[in-house]
Every structure is written in C-alpha cells, then in structure tokens.
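The chains carry the letters A, B, C and D, assigned in the order they are written, with residues numbered from 1 in each.
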C-alpha cells in the first residue's frame, strides 16, 4: 500500500516539476548565455507602455460593462439568465486565434463598422483601440464571472434587511451589495489585467502594431531567437508572477483559494 | 430609479452583444464573401488530425499526472499544499507566449534535455511531441483544479465511513472518492481538451510544424488574409462551441454552473 | 396595527391562505411546523414576496403594492443579517436615526460595550440583540421576527427568551413572531396563532391553545399529546359520550366533531394512574413500558381492545413509582375536562 | 468491550483527557455541551484522529496504532454519510456481508421496501435507519454513534429514539452514543457519562445523574436547575447545614464541598410551594414572576437577602395556581433529599 501511494506521489511530483523547471530554466539560460541576450532598447519600453496602458483601459471598460451584467446574472431568476451566462462563456473558451478572426470580420478594415470608423478617422485595427477591442473581448468574461461570484456571495437577506430599514434598491446596492463584493471584483480585475498583459492570439490578429509585450516577444523570437526575446520575456514573467502572488493573497484574505477563479 | 436600472441594463447588454456579434459576423462574412474563401485541401485535414491527436494525448497525460496531484491538494493539510497550489496556478496565469519561451529554454534544441533527446532520435520541438509538451504545460492545471474541486466536494466522512466498514484507503479511493468526483473530472478534461485544441502562443513557439488548427489559421491568415483562414476558423469555432455546450450540460447535471470552472 | 385581509399566495405546490389576521399592539406568535408557511407569511407582510390576492394594511395604509422600504416594517431574520462590513454602531446607525434614539436603544439592549466591535466578533446572543436594536431603531410600524433565536444553542435560547419578551413589551410595537418552538411561544407571546398547511387553525392565549387545542396539529405542536380515535356514542347539549367498544368516556365538546369517528386529544400529564379506581372515565390498563425521562417517567399503557397505546407522564415522586412495572395492571383515569375533540385540520 | 486508558489528545487549545473509560456490553451515552470534546473522543476511538498518549483496547486488542479499517469499529455520523452513488442495498452490501446477514438486518430495520431506492430519495429517518443497518452489518466490535438523530426534526427525533434503543439492545454490540440532548440520553442510555471540557465528570445510570449531579455542568446539562451559592455552616457526618445569612438549610452531602462557600443544585420541579409552612428547610419568599410554560408554570421567587432568584415549577393543577401572583408572599420548601452539593468542575 505504501508503495502505491508513492507512485501516485511520483506522478504528481513530475507535474509540479514540469511546472517550475521551465521557469528556472529561463533564468538559468539568462545567466548562462548572457552573451546571446540582445537589448532592444526603445522597443522594450514602448511595448511595456502599450501593454500597460491598453490593459488598464481594457480592465476599466470591462468593469463598466461587466459589473452591471454580473449583477443581472446574480439576481435575475428568469431563464434568460442561463442563456446570457452561456454567451459570457463563449469568449472565455474560444481559442484566442478564433477570437481574433471573428473580431476582424466584425471590425476589420473590410467590415462595415471598420470602414465607417476609418472614414471618421478612427482605426479599429493596427491601433491601441484595436488592442483594447481584442483585450476586452477576451478578458471581460473574467470580470463578469468574478463579480457574479462576489454578488452571489452576498446574502439577499442583507439586501432585504437594508430595504426594510428604509433604503431603496439603489442605495442598498451602493452601501451593502457592492462593498461586500468588492474584494471579489478587485481580484477578478487583477486576474483580467494579467490576462490582458499576456493575451497574444487575438491581439496580434487585431493589431500587429503597436506592439504589446507578447507581440514584441513573438517578433523578437522569430527574428532573432530566444536571446532576442529574453529580456521582454523576463519582464513579462516577473510581472505575471507578481500578479499571481497578489491574487493569491487576495484569495486568502477573502477566504477562498485560487480555485475560485 | 427605473431609468437608472435601464442604464445598467444597457451597459450589460452592450457587452453581451459584443460577445455574440463577432461570431455572427464571421458566419455572415462567409456567406457574403464566398468568393474570397480559398480551400486549403490537405492542409485542413492534416491540421485537424494533428490537433485532435495531440489534444487527446495531452488530456490523457494530464489526467495521469494531474489526478494524483489533485488528490494530494484536496486531502493534504500541510503548508506544502499552499505552495504546490501556487505552482499549479503558474502555468494557468502565465502568458502563453512566455510559457512557450520558458519551455524552449528547457526543452529547445540548444538545451541540455533537448540535445540529449535529439541524440536519441527524439525531437522535442517542431514535432507532435513538442505540441504535446506545450499543451500539457498549459492545460493540465485545468484538470488538476477541476479534479481538486471534485475531490473537495466528497465529504471526508464518506471516506471514514468506508474505512470503518473495513475498506483500505486505496479501496476507498476507487469505490467512493473517484466515482463521486468523476463528473467534475470529466468536465475538467473536456474543458482542457477545448483549451488544447485552441492553444496557440505556447504551441506555435514549441512547434511551428506540424501545424495545429490555430497555427494553420495564423499561417493562412498572414499569408492570404481572412478568406484564406475562414474554413479552418469555422471548423475550430464550431468544435469549440460544441464543447462549451457539452460542458454547460455537464455543469447543470452536476449542479454547478460554468462559474465553477 | 397590522390587518391581513383574505391574503393568498401560491408558491409551487404550496398555498398560503386565504388568510385573515389582525395584530394589535401585542406580540402575536405564529407557531407552526416547518413547511406550514410561516416564512412565506413574513415575506408577504414585508413585501419580499408579492401577494396573489388580498390586502395588507399596516397602520392605516394599504401597503400590498408597496415595495419593502415603504411598508414601515422591520424584519429580524432567522440567521444573522447584520452588515458584516460595519461595526455594531454603524449597523445601528444605518437606518437614519438621531443621537438620542441611539442612546436610548443602546441602553435598552445593554450593548454599549460592544458598539465599536466588528460584527464578526460578536457572540450569537449579542448578534441577536444588535439585530433587534437595529430593527427597532428604525421605528417600524410593525416588527417581524422570523425565529430569531433558532440559531442559538438551546441553553442560550432559553436564557434569552424572557429578556426578549421584556424588551418587546417595552418598545410597544406590534410584533409578529414566527417559530416552531413551543417553549419559545409560551415565553414570548401575548397570543399564539397555530399555523398549519398555509392556514391559521387556532388563535388564542398560550393557556388556551395549550389546554384546548382544536385540531390534531395544534394538539401535537403545543405539546406531547395522546391523539385517540374513538367512536361517538351519545350527544346531549355539549356533553358527549365517546369511547372504544365497551369503554365509555364522558367529555365536554367545545366544538363539533359530528362524525361517527372522532379524535380526542389528552396530554400525558393529565392522565391519572391509581391503584384503585372505578366510576366515570376510569378503566383498567396494562403497563407496557416505563421510561425515565428526567423530570418524570413516561409510562405506556395498553387498554384491552384498544389499538393505540396510551402515554402517561408520572411525576418522579408518585407514591407508586417503584411498583409501576411492565406487565402490571393499573387503573387509569381520563379527567373529563382534560379531553378535547380535535379536528383533522 | 472498549477500554480507554489514560487517553490524551490535544487539538489547538483544546485538551481531551487524560481519560479512562470502560464500555461493556451496554449503551453508554456521552452527554456533554458542544465543545466538550465528544466528537474528538469518537475520533480517537475510531482512529480518525491519532492519540497523543494512552491506550485504546477494543475486544482484547490494543488498537491505538491501528488505522480505521483495522479497529473493528463502525461509526454513524451526525450528518448523513450514506454513499450517494449507491442504492440502499448497495450501501448495505458495501461491507462484505452474506445474503443471510443482509436479510436479517433488513428485517430488523424494516427497510425491505426501500432497498432499491437511491439514497437521495430517502427521508431523514430512513437515512438514519439505513446508515445504522450498514454500520451494524459489518459486525463491528463497537458501535460509535455521533448524535445520529440530531439532523432530524424534533418530533421525528422523539419518535425514533425508543425504536433506536430497541434495535441497539437487540444487536448486542457495545455502543458509545454521543449527544448534547438530555431527552435522547434518558431514552437511549444504559449509563450516562457527563462530559465537560475534555473530561468525564460523572458516570452513572440516567436516574443517578439526573437526581444527583455532582458538578455544576452536570446539573445544568441534565436539566434545568437552580445553582445556588451558599455558606457552609455546620458539618456532622454527611449531614450539613448550609444557607444564606439568617436562613439555614439541612442537606445530605454526597461528596465533599469543603470550602466555606459551596454551590447547591436543586431542580425547579423539586421545590414545593405552600400557603403555610415553617420548620426545617421552609422559608418565605416573594413571587417575582409567573410564566406559563405549557405543562407547568415557572414561578420566580425572591427570598429577602438572597441575591439569586429561585425558579420553581408548579404543575398546572396546583391548588393555589390562580393565587400565585406577582408580589405575593409564599412559603417555600427545599426538600432535604432534592439538594445536591455540586462542584465547580
């Protein structure tokens, strides 16, 4: 019996090692093959700025649109709810490259919306706007879902109690429901921000320029191999890990664990 | 007050429309610009076969390695558990392109493991094996987490009851714990399969050849635009949606909703 | 004042009403088993659920169509509904209230020392007090309490109940108090309404409903009771002779039980055992079992030819207690005034 | 036979033991408030938790180091622990059991008609029976029951308890039954062990622990009790004179309460009220409150100069019941044999 358990532990252990080894390997590679690392100068900082600003903007837009939707999904009892929930999961489970393609058919240069926008001087692709459009499509479901989980966790009794104390529905939302769901929403927004920073497939199809960090890594890699993409990768890796740690802390504080996300 | 609620509904509605419009738009595009769709013949079926076979293989490997790990994560009470859980979330939140990079430094042609494998005639990149290595890294956390959620949902009392009836730990796992977690694990495996089919960033870095469906879409797109990538995209879109519907049903049957994933 | 007029509310298979009820400046306890519709009643009064038909009048206003916040009701829920992100004081201040009111309420409830605590740091009993204080300070026209003590441990609950009644009497607001716990009902209520299957089948003072339950459910929920099926043998005025086969019992009929077969309720405490008997309402029975129950012994008796066994409570200091053994024949007396005809519903 | 020798188990701040206990072929009820360590005790006996020190002997084997499956114990948990993916029959067959055993058990528990049902389709009472059947069919050397009835509604629980005792007596396995509900304890137990703060403070027959509680906690958990602080005034043999200031009470000391201040427990049912009194253990008091409690009135008395009020239960048919009004002076008698010196722990 002891023996069988050890085999199971071995199998699990292999997986854990397979998760961390590549990350150490990247750092190790950097230390070892220092000479092959080339600096891209301005490319790095402009990619960082592009990624940071578009990701932040996408999170803000997703919150504005997603939180009301989440409240509806949490409180509505009609059958419409199930259907909307299904739709929210579409972009979440769609391959990123497919998301990019479908967005292009809707917003690309040849499309009605795309041409209309272009004639008013707004470029929906190959622009910051294009990046944001792709990111919102991909990340907003995370915000909707974590806000919904947050709203679900607020006992409706508290809302009834608030209203029996004379507060309206809207007052109750701002004073009771939203504050009590806030941590979940913030954790969701952080998660969404991390996803936006790392999103590649959909973004690269909507906007090859201006380059986000993932696009910059891709371009550097295909033009100059690992050494060329190393610096950018390290930066993105470190910032992703910071977000993971923050979400983890957040998760503990709100009493859940990562598995809630 | 009525008015304010309508604004919230409007905001949520915009998001829902933004999720479905692009998908209809793709179908509409196909109907409208039929002439611009070019067939890729053999390319399509070989990409489908590559994607299907590697994804299936990745799911099998991930289950073999991930389920034991999930059981550990569900039942262990030491502090090691939190640390391992953190590691499981690393590949889940890492940008795909970063995952590809770190895997390349570990397994790529220049790496120790890569060269050792190559000298035994095994190619770890630009091969089916490379695709599987990338997919397992990206999708196995989903299986670990859904299996953990499944195991968590099995009351330990049931296991104690089984053992007080004379069954060993192992017998109890096979007769009680696993059957009761099965639906969760299957749903997780389906989700992971869908992710594997759609994975792009990490896969394309580990193996540009043989081409998976997402890689094929990308290549077709950059070489011939939307029309060139249309057929493959439609196939991937439809197969993703089938999986979403199946998971949704599964989710209902096991009493949860999508939000558990 | 709360006036409920022909209220009907259906929920799936369950139907509440048609229900009529007037609550004056009093504490009305709604006592009923789970599933009898108590919470549904609270919900329609407060506006959490909408009525199907009928009217609800609070004070002098028809509020049936109003939303919760405009009805002038406060609810204290079964489980804690304090706002967890606020301190005790913030919870109490949540309803717009003057400094003066707050001081008064804080004083009544004796919660001054916990005003700055966070809600999570309170004990069950403290939470209860704070919630009640919060409900009362908003000056509702009617206070709805949905088993507010049920989440507390039994000993704590027993200790809090008398205090709760004192406070409720002191604030002089009409109270509807819902519970399935008769011990609490006796302790709290001015009047008690017995609820069953969505309707109110009896209403009266605690003594009345305990001593003279009118339905089987009322007999069971107000205390242990022998519910005995008997034949109706003779009627004259409100005197009845009932019984089984050769056995006759004289009873007083408070209500019609006109069928040939009726149900009679008698409390195990009211039946008398004696070494000698005879005469009206005396008969002989055999002891089947004697079980120690703490404050008393429960004796189970069989009367020859009677299908149901009869449960009798015997005090610990009964003269014959040592001799009440299994198999012994003993005289049993059913006092005329302790028996009630109870209806099926 | 179960033999627990000097068992110690610490869990955070909580310490179980050192505990010694022998359970013969009997039903031993462990009666204690929540947090007293009842479930921890079940866990160390069954092997769910490991001991810190001490020994557990089941039958003739030391099992302290054995894992759950090798101890020969069956556990019935507080909440339903039936395997939800199996039918009733599959649950019962889960422990390797012969056709013959199954038929016998099915018969004892009267569950033939539900054998093919899925577990989810059972009522609370049925689940309980099936779980017990499953536990018994595995032929354990000892059966551990952790408040198995506590998830049932009060009326269902009251009905099931006597049946449960009959079945447990019939299968002749030593039983440890853990509960905080004294009503269940009287009904089920051959002996009752009072548990408090991780230790067992009293053990005896139901009558013994009810009538002669030795500690404050035992007095409280076995029933309502007046716990009165008094001065020790005189001792001779096991006779004591105790009391407050000018008031003297004669009592019999079953145990040492050697300090100057002692606690005396007397049940509200045992105190006698009379319109005339005088002599040993009689004194005068004033009625502070009379509350209807269903089967009795609870009267609260104040004796001048005594800090604590005294609770007295008066039966509904007491001669003077109508005259027992607030403010009335009345004679109170504390029967010598009904008082117990109780220790702090």
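Keep this in mind: a residue touches a chain if its C-beta (ideal position, glycine included) is under 8 Å from a C-beta of that chain, and two chains touch if they have at least 3 such contacts.
Computed from a prediction, not measured in an experiment: that's the story for all the values here.
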Where the contacts of chain B and chain C overlap, which chains show up? A, D
Shared touching chains for chain B and chain D? none
Tell me, please, which two chains come out on top when C-beta pairs in contact are counted per chain pair. A-B
From the C-alpha centre of chain A to that of chain D, how far is it in Å? 57
Distance from the mean Cα position of chain B to that of chain A, given in whole angstrom: 16
Length of the line joining the C-alpha centres of chain C and chain D, rounded to whole Å: 26
Out of chain A, which residues touch more than one other chain, so two or more? 168-169
Residues of chain D that contact two or more other chains, please. none
For this assembly, give the contact graph shape among line, ring, star, complete and other. ring
How do the chains pair up in terms of touching? List each pair. A-B, A-C, B-D, C-D
Across the complex, what residues on chain C touch chain D? 33-34, 153-155, 158, 162, 182-183, 186-187, 206-207, 210-211, 220, 222-224, 267, 269, 291-295, 315-316
Listed in rising order, chain C residues that touch chain A in their complex are 46, 48, 67-69, 71, 73-75, 77, 79, 81, 83-85, 94-96, 134-135, 138, 140
Using the touch rule from the top, collect the residues of chain A that touch chain B in their complex. 1, 4-5, 8-9, 11-12, 14-16, 18-23, 25-26, 28-29, 64-66, 68-69, 71-72, 84-91, 93-99, 101-108, 110-111, 136-137, 140-141, 144-145, 148-149, 168-170, 191, 194-195, 197-201, 205, 213-214, 217-218, 221, 226, 229-230, 233, 236-237, 240-241, 243-245, 247-248, 257-259
Listed in rising order, the residues of chain B that touch chain D in the complex are 155, 157-158, 160-169, 175-176, 179-180
